[in-house]
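Here chain A shows up in two complexes: once beside chain B, once beside chain C.
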Partner chain A sequence: MPTLVSAEKVLKHFPIGGGILTSKPTGWVRAVDGVSLSVEKGRTLGLVGESGSGKSTTGLLLLGLLKPSGGRIFFEGEPLEELLRRDPRRFRRRAQIVFQNPFASLNPRMTVKDIVGRGMKLHGLVESDRELDERVAALLSEVGLKEEHLNRYPHEFSGGQRQRIAIARALALNPEFIVLDEPTSALDVSVQAQILNLLKGLQRLRELSYLFISHNLAVVRHMSHEVAVMYLGKVMESAPKDSLFSDPLHPYTQALLKSIPKISFPPEDIEKKVIEGDIPSPVNPPSGCPFNPRCRRAVDICRAEMPDFREVMPGHWVACHLV
Partner chain B sequence: MTKESTKRPAHAAWRRLKKNKIAIAGLFIVILYVACAIFAPYISPHDPTKQSLADSFLMPNAEHLLGCDEFGRDILSRIIWGARISLLIQVSSVIVALLVGISLGALGGYYGGKLDELIMRFMDILLAFPGMLLALAIVAMLGPSVRNLIVAIGIYSVPQFARITRGAVLAISANEYVLGAKAIGESDLSVIVRYVLPNALSPIIVQTTLRMATVLLTASGLGFLGLGVQPPNPEWGTMLSSARMYLRSAPHVAIFPGLAIMITVLGFNFLGDGLQDALNPRLKE
Partner chain C sequence: MGSLLEVKDLATYFYTDEGIIKALDGVSFSIDEGEILGLVGETGCGKSVTATSIMGLIPSPPGRIVRGSILFNGRELLSLSERQMRSIRGREIAMIFQDPASSLNPVFRVGFQVAEAIWAHLKTPIREALLKAAELFGRVNIPDPLVAISRYPHQLSGGMKQRVMIAMALSLNPKLLIADEPTTALDVSIQAQILSLIKRLQRDYGSSVLLISHDLGVISTMAHRVAVMYSGLIVEEGRAEDLFQKPLHPYTQGLLAAIPRVDEDKSELAVIEGTIPDLTNPPAGCRFHPRCPWVMKICEAERPPLKAVEPKHKVACHAYAG
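And then the complex of A and B:
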């Protein structure tokens, strides 16, 4: 499979403080700290991690909506920086995003027609108002909405319907790559499955590549071909889905998989399986491996040195001294 | 999904406003005031500047409903024509303040960083002056005239609008639809105008209404001090100022313009408070 999007040791550090008089920032939030990953054409890379691990920031970096502080991002082999400099509008058509919260991702003052059609108008993809109507109506039916919804406002829709509108907006520019930033975590369980299946169907039909960001491992397993596990701004492990779920190598991935509650009888003892403590602050990351304060198997070298991210089996990458 | 909910949010706000009796009273006063201003030539019973010394200090009667002033001019007519000048000053100076304030506030809130710091510290400096004093200083510098009055009051109202707009823009920029707009390739200006400002409208509308009251008070205050509208033009503050010398012998000459100021200011304040509740129903709970 050819690669569509790839990141090489990408960094994103946000400054803390630094006002008009104190021009030097007092510290840095290392939101993304050396992420390498790649999304294959027509496939889905699942990106899992706890909140604050830098998943969403990574998504925004790949879309060029944030400028990386270091590292490189490639889109079909071309540096993203170059693409954005040469023709930013053309790149916008190629990469889109669907957000987590459908109640915050649609402008409440715009009708569905404007929300979905605005991109096409902006990029001059339609000749007339009638053509715009037709194109938007076609997109709406593609995501399971009706033409009569065209002139309604977002507040008239349920969460699931809103997410369909957001998907239609992302599809409107006919992109190759879509970042799905927790697209179902704000929805009811019954609606989640519908949206996930819609996304899968669209991927097959339009040969889309997805970066699927989620903290829900079951959903990631359902959606992804490859999976990358992030922790404190770093990718700890990445592998094809089956390999990662059946044979996790990193202690963090192992702990994460064990902490999924299962419906079973007698009820299993989940308390013993949870990962202790909280994710450390990205302002003051621990030295060595970022997971070492919570890792049960940590040894001295884990506290001293960050392990390399290396390929231990074909396609299976891991950053751990103990593997 | 009901038919009702297919309307825009403005309809819901109007329904809430209608239930608020005080706000409706305010709206009624404001409409009456604006009508007086617009139709002054048709509804004022007499010429507001025509003197008739025989009628000096005439008490209210059938011919002159609110009596006459020291030059025998009809007070009711002067109050009606005064509404015209006051409204002109209010609307123009608030427009000046809105244009400058919204632009500065939106720039600061949207871009943040040093630009924001610079703008807001400058606004803080303007806010540090007592408003009336600032307007007074500007008028004293430029000389008293209606145009300078508008400029002065406009400038001193800028920080309020800049602050309100900045706050709203900050909150709204955090919404994902702003990022989504950038993702489809909207320019910064388009993001601000199409996505951010339309959603920041309600605090701005409320502030505009409340500001109308303050501006009217300031304009009358400056008029009272002799730095506002100059006689013989009928402006309420100016009228009050010349009437104060006859307060004991002919109190009605001062009372009626004073009442006009008070009622109109109250009207705008009632309406503004009502709009606040109607546009942000969650704040009230």
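And then the complex of A and C:
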């Protein structure tokens, strides 16, 4: 499978402090700290992790919406930096995003037509207002909305419908790559299923590549072909979906999968499945492997050295000294 | 074991400019002593209104409990004065909420907030109450309890704040703990810690728990018995194993088919068509009928009663009549 987007040891460190009088930052938040991953054409890379693990920052970096502090990002083999310098608008057409909260990501003062059609107008993809109407109506029907919704405002829609509008907006410029940042986390289960099915259908029809960001492992399992697990700015494990879920190698992935409450009989003993401790702060991450303070199997080397991210089986990468 | 809480035909309405929102419209259930009852449902189905109705915390106006009864330990809560209710709230029925950050006062030390609750009910001297708070912090696995009591909420992580809330809820050894989405704002690994803590404490203290959650996995792991709510009504109720293994109501079945599972692959998710009804103008008859795959003529006209069709397994659906 050819690669569409890839990241090589990408870093993003945000400064802390450094106000008007003191220009020197007092520390750094290491939001993304050496991430390597790749999204294949027409496929979905699921990016899972708990809050503060750097998932969303990674998404923004791959879209060129944040400038990496180090490392390299490639889009169809070309350095992203290069593409953005040469023709940033052209790149925008190729890569889009859908955000978590459709109540915040749609401008309440714009009609659906303006929200979905704005990109096409700005990029000069439509000649007349009539053509714009037609194109927006076609997009709306593609995401399961109706033409009569064209002139309505976001507040007239439910959460699921708003997310459909956000998806139509992302599709408007005919992109190849879409970052889906927790697209169903704000929705109810029955609505979530509708949106997930829609996203899968669109991927098949339009051969889209997705970076699917979520904290929900079940949703990621359902949506992804490959999965990468992040913890504190680092990718701990990445593998094809089946091998990640049936044979997780990293102690963090194993513990995370275990700690999800499941529907089962007899009920699981949740008390036996707990990962102890809190998620450390990315301002002051533990030395060595970031998971070592919570890892039951940690040994001396885990506290001293960050393990390499190695391919231990075909396509199955893991960063752990013990694997 | 007898029932600790018996809710019968409870109806709570909100009188707004847009009309009367019938948030609860005849809800009945009971919780036995030492039992965890899971209450599941989607946004706006009335889970939280059920909790606030029991606590006597429905904002009025616009809200009002228009009919029904809430028997707690043999006493009718709906006939108590605000003063009498205040002595029950916190002491006999305690509650923890979804967002621990907005449940704690940001300008007071967390130990003081717990101590204050103890003092308010028992008039324990504040020094002693603080020591009691530290002891409770230890019990909910907050590291260094004597240091932790003098922290401010912003100095604690989300998981630690929720532990403080649990310590506060347990400080007076309540008979009933209402936990409204207690782990929804937390990360998976922290969620498991908090759930296991609630379970352990429930066992140690013998309290009953009303656990409200939209997450069926959480309910399956925690609850002895489960009630499923839809649009202000309970549509199905039964023992956890019966309800999850053999769901009867088409809504429960749809819900179970619609969630992706972490432990199995589903190629396509089943979809419940349509959206949750508007509570100002709910559909006549069975409120689920516009979305129901089994809909019959009678469903559009008559509301099905919640009745047992199997031992200890109740459902409100005309398909099970006769």
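Quick notes on this structure:
Just so it is clear, the second predicted complex is superposed on the first by the 323 of 323 C-alpha atoms of A that agree within 3 Å, B and C clash if a C-alpha of one lies under 4 Å from a C-alpha of the other, contacts with A are read in each partner's own complex, and residues count from 1 in each chain.
By definition in this document, a contact is a pair of C-beta atoms (placed from the backbone, for glycine too) under 8 Å apart; a residue touches a chain by one contact, two chains touch by 3 or more.
Small disclaimer: the values here were computed from a predicted structure and weren't measured.
Superposition model on chain A: chain B and chain C are shown accommodated side by side without a clash.
Within the superposed three-chain model, A:108 lies in touch with chain B and out of touch with chain C [touch as defined at top].
An angle of 80 degrees, to the nearest 10, separates chain B from chain C at the C-alpha centre of chain A in the overlay.
In the superposed model, A:50 makes contact with chain C only, not with chain B.
In the superposition on chain A, contact of A:139 is made with neither chain B nor chain C.
By the touch criterion defined above, A:80 lies against neither chain B nor chain C after alignment on the C-alpha atoms of chain A. Once chain A of one complex is fitted onto chain A of the other, the partner contacts of A:245 are limited to chain C, with no touch recorded for chain B.
Look at A:97: by the touch rule set out above, it reaches chain B but stays clear of chain C. More residues of chain A are touched by C (comparison of chain B with chain C). Remark: least CA distance from chain B to chain C after fitting both complexes onto chain A is 8 Å.
By the touch criterion given at the top, residues 19-20, 60, 63, 65, 88-89, 92-93, 95-97, 99-101, 104-110, 118-119, 122-123, 152-153, 155-156, 166, 169, 172-173 of chain A touch chain B in their complex. Considering their complex, residues 1, 5-6, 8-9, 114, 117-118, 121, 175-177, 179-186, 194-195, 198-199 of chain B touch chain A. Looking at the complex, you find that chain A touches chain C at residues 50-51, 158, 160, 188-194, 196-197, 200, 215-219, 221-223, 245, 255-257, 259-268, 270-271, 273-276, 278-279, 294. Listed in rising order, the residues of chain C touching chain A in the complex are 42-43, 157, 159-160, 187-193, 195-196, 199-200, 214-218, 220-222, 240-241, 244-245, 254-256, 258-263, 265-266, 268-272, 275-276.
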